[in-house]
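Shared between the two complexes below is subunit A, which pairs with subunit B and subunit C, respectively.
Our next item is the complex of A and B:
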């Protein structure tokens, strides 16, 4: 087996909360991520799925090296992200691109599209200044935008166009890995379909490794071959997309699937309650409070992510049985 | 695909009353030169739920806001008729409208954080329509507000009465807004994308809650939605809007299972379902308000468009129990 491009080894991320007024009081800790293990192979397309507060965005920030892990290690290739030297950091920045959730907010409103797209090319000295224009035109063509947009400002572009520019900027430095945070949320269905098709074609054609954050299991299943479901800072289930859709093994995954709006099924509120605060984590399984299958043992011992079968890992004491 | 299982066939069982609760006839709304809504017609019976569906800019929210009389600026011109329980809304005085809003017509906005006033407790905000419309005493208002919070599934309502909106989660804020909208048992509830800012599991809870409460009160509801599958799950009828017009309207199981208008078909082929293999986007974009095509507004993006589509606007025809505005219905 080929060595993974990214490895997360029991990664933890805690934030200390300060309470005003009292001296000598032990600060409370918010555990955003708790013991995440994940291997990403070259060419994988992985969706991180979960509700708000599940730790998806924290996980991707750690994988981008924007934040250090409180415990555990994030490896890129064989190197720990926390120990990269300046040269390696620069290479990492070129090889791993990020598409922000708020595409418009991630661009300088006073820069023209041409300058926004040329910035990574110039920074990494990927081609001669004279060849940049040609390269920009090729980039826009690749994301299906007319070259005429190069002289425009971000505010002059529509929501769909700005997402395409964000994708083009991520592609500008010819990365090996693209990470994207909710890149199609809030778009009209027709534009969303265009952007999804574009991302899917790009990954298929160029073999880019994709890590895609979404709260939408439909989008995850369309774009990615693997899915990791997060709940309160932990991966509760991961495996191939089809297997997860057809036979979810974790009750939370099943609840997410049941709550997904479908033409051929009645509305079903599959879970009661809300995701609890990550500050005061319950003892035992952190999903037990909302889990329809919870038993006494679930409130006592905290299940680790273990192999369910050859491809699937589940963190549940009593995984959902049955073919469907 | 059979959508019938997804739906309550409440509408079919209801006796059709003399006059619909809401009757929109040939309603147009202009803002200066721009025609934002163009010849919209639909009727809603008591107890029915209707979904307005379409891309941004289709006029869904505009129609909802016009119904509740929040688009009455001098530059806005209304034509045609909006009748609610026999009252003509387009000529209603502001003072009379105020007696309607929050009383007979409730409204739920998309963004609860923005819609709730950050300076008042949720208890005070729920109590406001109880004071204004029902004239309850201070003590009764507080009691009723706690009951309402309980009825929308807020745990420990008496403790939360004195909470400010920022102390509640997004789902809880949405519940507070539902409590405000339902405070006076409205006959019509307007919900503008009530769950699009929420997670799917919370979305299902909130939608179930709204439907339960609406049925309990025997009210009607209009949902503005962008999610077609959710529309199939919660609405008796669906009106598909495009560029300020209704292109197809009818029972949701028919409209969404076997769409007749090319736009409805196009929308459906863009919907990401679990395990979707292909998505076929609709080419092009919604035309800007100041450059609407002369004939059918969808013609420039329509795969079936012929010469006549670009020249003349198609009239809505009744076909298979629904109204469809297209020259080439097959």
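Our next item is the complex of A and C:
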């Protein structure tokens, strides 16, 4: 087995909350991430799935080194992200690209598309100054945009175009890992399909490792070979996409699947209530309060993510057995 | 998608569309600009346009009204008012633009440092700026002139210092807004060095309201400069300066009103023109005041 490109070792991220007022100022802790274990192999395509507030975005910000882990370690290759030296940081910045959920906001509104795309190329001296124009045209062509857009400003592009430019910029640095945060949310269906196809082709052709955040299981299953389901800051189930979609082992995954609209089935709200506040985590299993199959033991002990079979890990005391 | 291909504008027409056209749509701004151009031309070509040496005294010809020899008359020393007016325009414009430029550079630097570094640095810098802002500009400039001494150069420094506060505070406010934008974080993530982030990503996004403000400040600078010279703590006589000229004519206002009147009218017209242009720039480029055309 080859060595993982990213490993997360029991990563925690807590935020201190200060109560308003002068008295009673003992800070409360918000656990955005709680004991996340994850191994990412080179060439993997992983979808992080979960409801709002499940910690998907925090997890990816930690993996990008934008925020430090409160506890546990995030390893890139063999090196701890928190301890990279200047040279390694530069290499990390080149090898790992991030596509923002807000693609337009992630581009300087005063810069032309040409300059936006050329910035990482010039920064890492990936090609000679004279070859940049050619490289930019190739990049735009790769994401299916006309070269005429190069002289425009981000505000002049449509939602679908700007997301493709964001993908092109991520590709400009010739990265090995691309992380994308809800990159197709809010697009209309046909544009969404184009962007998804583009991302899928890129991963297949260039062997790029992809981490994709989404709350849409359909998108996840189309794009990614692996799925990690997050709930309240912990991965509750993780494994190959097919296996997870066909035989979910964690009651939360199953509930998510049932909440997904299908043509042949009436839609029933399978999950009642909101995701609990991460400030006051319930004792025992964090899903127990909403779990249809919670038992007395679930309210007592907190299950860790453990191997279910060769490829799958589940954090549940009583995994769902058999087919759906 | 098809329209994406044919609206590809060249950089040149982009510039016209983004800068020139919105400005030209402001009628009063164009009028102001025209007047300012006349003043600038008069100032630049003063040595050729002047009929006399601006500081040559001719006591035999003192206190004369407008005539063929002295188009706008002479003052109590017999100095030609028309020539002094032209050289005075030179001085007013140089002091006005130089002091604003200096104040802008220092103020923007302080604002950037405070906004980007935050913490204790920001606190100290902004308290200094608060101190500067606590005084009216004229009082502050007077205090600095008292410390620095008379002279054109010192006048520029004094005026520049009184402009540092507003520019610094404004820049800091905009920087605080811009630095939390995702594109700043995106640039950092790509490994762009801090200096390049400030130069390429922060500055261009805070600069336009600052430039509009600078345009408005030029008229204040010229007014302050004339005021200080009028009060006798600006430039040294016999330098041809409008404020100084108005002060010199004060004693003869009933006998020879043109001595104070000529520079006074010239000053008033220039200030109105500068304000018209400043308002036009603001309306054209400040998104918060943009009206439907």
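The definition used in the following text is that the second predicted complex is superposed on the first by the 322 of 324 C-alpha atoms of A that agree within 3 Å, B and C clash if a C-alpha of one lies under 4 Å from a C-alpha of the other, contacts with A are read in each partner's own complex, and residues count from 1 in each chain.
We take it that contacts are C-beta pairs under 8 Å (C-beta built on N, C-alpha and C of every residue); 3 or more make two chains touch, one makes a residue touch a chain.
All of these numbers come straight from a predicted model, not from anything done at the bench.
Visitor: Kindly say whether there is room for both subunit B and subunit C on subunit A in the superposition, answering fit or clash.
Guide: After superposition on subunit A, which the two structures share, subunit B sits beside subunit C with no clash.
Visitor: Let me test your reading of the model: by the given contact rule, A:272 touches which partner, first (subunit B), second (subunit C), both or neither?
Guide: first
Visitor: Once the structures are superposed on A, label A:256 by its partner contacts, choosing first (subunit B), second (subunit C), both or neither.
Guide: A:256 contacts subunit B only, not subunit C.
Visitor: So, A:100: does it touch subunit B (first), subunit C (second), both, or neither?
Guide: A:100 sits against subunit C, while subunit B stays out of touch.
Visitor: Where does A:209 make contact in the superposed view: on subunit B (first), on subunit C (second), on both, or on neither?
Guide: So A:209 meets neither subunit B nor subunit C here.
Visitor: Thinking of the overlay built on chain A, is A:247 touched by subunit B (first), by subunit C (second), by both, or by neither?
Guide: neither
Visitor: Hey, in the superposed model, what angle do you get at subunit A between subunit B and subunit C, Cα centres, nearest 10 degrees?
Guide: Vertex subunit A, arms to subunit B and subunit C: 80 degrees.
Visitor: State whether A:123 touches subunit B only (first), subunit C only (second), both chains, or neither.
Guide: The answer is second: A:123 touches subunit C but not subunit B.
Visitor: Mind working out whether A:194 is in touch with subunit B, subunit C, both or neither, as first, second, both or neither?
Guide: It touches subunit B, and subunit C stays clear.
Visitor: Quick one: subunit B or subunit C, who's touching more of subunit A?
Guide: The partner with more contacted residues on subunit A is B.
Visitor: Look at the superposition and give the distance in whole angstrom between the closest pair of CA atoms, one from subunit B and one from subunit C.
Guide: Between subunit B and subunit C, the shortest C-alpha distance works out to 7 Å.
Visitor: Would you please give the residues of subunit A that touch subunit B in one complex and also touch subunit C in the other complex?
Guide: Shared contact residues on subunit A: none.
Visitor: How about subunit B: which of its residues touch subunit A in the complex?
Guide: 1-3, 5-7, 55-56, 169-172, 199-205, 207-208, 211, 226-230, 232-234, 256-257, 266-267, 269-276, 279-282, 285
Visitor: Would you mind writing out the residues of subunit C in touch with subunit A in their complex?
Guide: So the residues of subunit C in touch with subunit A come to 1, 4-6, 8-11, 14, 181-183, 185-187, 189-192, 200-201, 204-205.
Visitor: Within the complex, which stretch of subunit A touches subunit B?
Guide: 51-52, 158, 188-194, 196-197, 215-219, 221-222, 242, 245, 255-272, 274-275
Visitor: Show which residues of subunit A lie in contact with subunit C when the two form their complex.
Guide: 64, 66, 89-90, 92-94, 97-98, 100, 102, 105-111, 119-120, 123-124, 145-146, 148-149, 151-152, 161, 173
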